[in-house]
Amino acid sequence: MDVPGLQEFLDAAFPADLPYVVEGISDAAVRLRLAVDESDVRPGGTVSGPSLMALADCAAYLAVVGQIGPVALAVTTSLHIDFLRKPPLVDVVAVGTVLKLGSRLGVVDVALHTVADDALVAKAQVTYSIPPR
Amino acid sequence: MDVPGLQEFLDAAFPADLPYVVEGISDAAVRLRLAVDESDVRPGGTVSGPSLMALADCAAYLAVVGQIGPVALAVTTSLHIDFLRKPPLVDVVAVGTVLKLGSRLGVVDVALHTVADDALVAKAQVTYSIPPR
Amino acid sequence: MDVPGLQEFLDAAFPADLPYVVEGISDAAVRLRLAVDESDVRPGGTVSGPSLMALADCAAYLAVVGQIGPVALAVTTSLHIDFLRKPPLVDVVAVGTVLKLGSRLGVVDVALHTVADDALVAKAQVTYSIPPR
Amino acid sequence: MDVPGLQEFLDAAFPADLPYVVEGISDAAVRLRLAVDESDVRPGGTVSGPSLMALADCAAYLAVVGQIGPVALAVTTSLHIDFLRKPPLVDVVAVGTVLKLGSRLGVVDVALHTVADDALVAKAQVTYSIPPR
């Protein structure tokens, strides 16, 4: 799948206004940007943990879909995230890299940083259950 | 802290309308309910993973605050969650139980089920960094 | 399966001398004891983290086997553990409780304490891939 | 710290014969090899999960020590590992990369592959509590 195809898939799958922009896709990785708005703000002027977790989950999902195609329905089975630095209130980018894509499970590494610099703000490992193909 | 005190703390800390109701607090545990609305819906008629993760994070936070008091500012350092069953579209309850409260870290176990029955829909372990007291 | 059956299965599956004693099995839980010896010692007079992780993994495995029977070959797909307190150098007990047993995945909660008292020394969530039955 | 210094530190810290060889150290990463022997074998001719977890833990520990120096005593607070592929019975290499080194916590990403090829056999995220310096 290419960038417009993945964005179209995302917009169709989640009718509600998702604040995510697909910025790139390669062999094993997808790059997704969260357009930060007031709903993501936490006291102290940072992006909320739940906003970062939702972004990581979506980037991992798209990384799997980018590999197995738009028809499949993958389901998150687990997510582990370490929060590393408090991000400033700017857009956040997640790069999801497929570590394994088996017949039953897909595992994705997700690195999150802001558009301000490359310092990681969080790092996640996410597992998906792959439907029978 | 008691239930009204914890709810008041929650409402003050997050000025945005949080959909969480504190239902109980005991020695080591806090019970928090997510009033599910359309923003939590995922295709297939289930509650979204991000909504469950945000609920688990908040329940763990309140379990720590319930122990160390309302002045402290704890920060989530990591969250691990296993998704076990797809919940129906009803309110979800999270029970956060403090496993450890050290001078630097607090670790909380969070069990999530719906108001429909006691079957776990997800289970999390969440770690907080405790500020110097 | 009962206690002697599970112990026999364990001894047969791992020909090397495993230091584990099955102490109990109920509907969803298995209780496994690590007979601590010098190979488990870490400087400072505590049980090593790897010994605790290996115990948690084995307890989770037996909790799954206790449910699906001795013929099946389950494989660990992920393990998350929080270390809570440094245990003294006495035997450690792990209680593995099956949270979910689906057709493809089993998820087990594992609580570890020593025979000295009930204070948790570590808490894990372990996922197994279940072979087709 | 350099490779001989880190190996010396490792050998001194763990008087028991550890099967680990420090192969490299750079700014943020340490490369550690497990010399696989019969104690690491699992039925089916693969390296056991506990051997991989112990290796990941040690590589993460050395990555932190490589940064803060040999005097400090860091303690593992949590470990998350995804098992991706069953390794053949050859030596396994772990590359531990420091993601964050704060005043209280260090977080390390650990990638494991065998000497046979670069395919990941497991991927971990490990957190250490850093003693006051």
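So that you can tell them apart, the chains are marked A, B, C and D in the order they are listed, and the count of residues begins at 1 in each.
Going forward, a contact is a pair of C-beta atoms (placed from the backbone, for glycine too) under 8 Å apart; a residue touches a chain by one contact, two chains touch by 3 or more.
For clarity, every value in this text was computed on a predicted model and none was experimentally measured.
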Remotest chain, subunit C as reference, centres from CA atoms: A
Between A-D and B-D, the pair joined by more C-beta contacts: A-D
Identified repeat of the A-B interface (over half of residue pairs identical), from B-C, A-C or C-D: C-D
Chain centre separation in whole Å, for subunit D relative to subunit A (CA means): 28
Between subunit D and subunit C, distance of the C-alpha-averaged centres to the nearest whole Å: 22
Between subunit D and subunit B, distance of the C-alpha-averaged centres to the nearest whole Å: 33
Residues of subunit D touching at least two other chains: 77-78, 80, 82, 127
Parts of subunit B lying in touch with subunit D, wherever the complex brings them together: 77-78, 80, 104-105, 127, 129
Touching residues on subunit C, where the partner in the complex is subunit B: 80, 82, 84-85, 99-100, 107, 109, 120, 123, 125, 127
Complex contacts: residues of subunit C adjacent to subunit D: 13-14, 16, 38-39, 41-43, 49-50, 53-54, 57, 75-83, 86
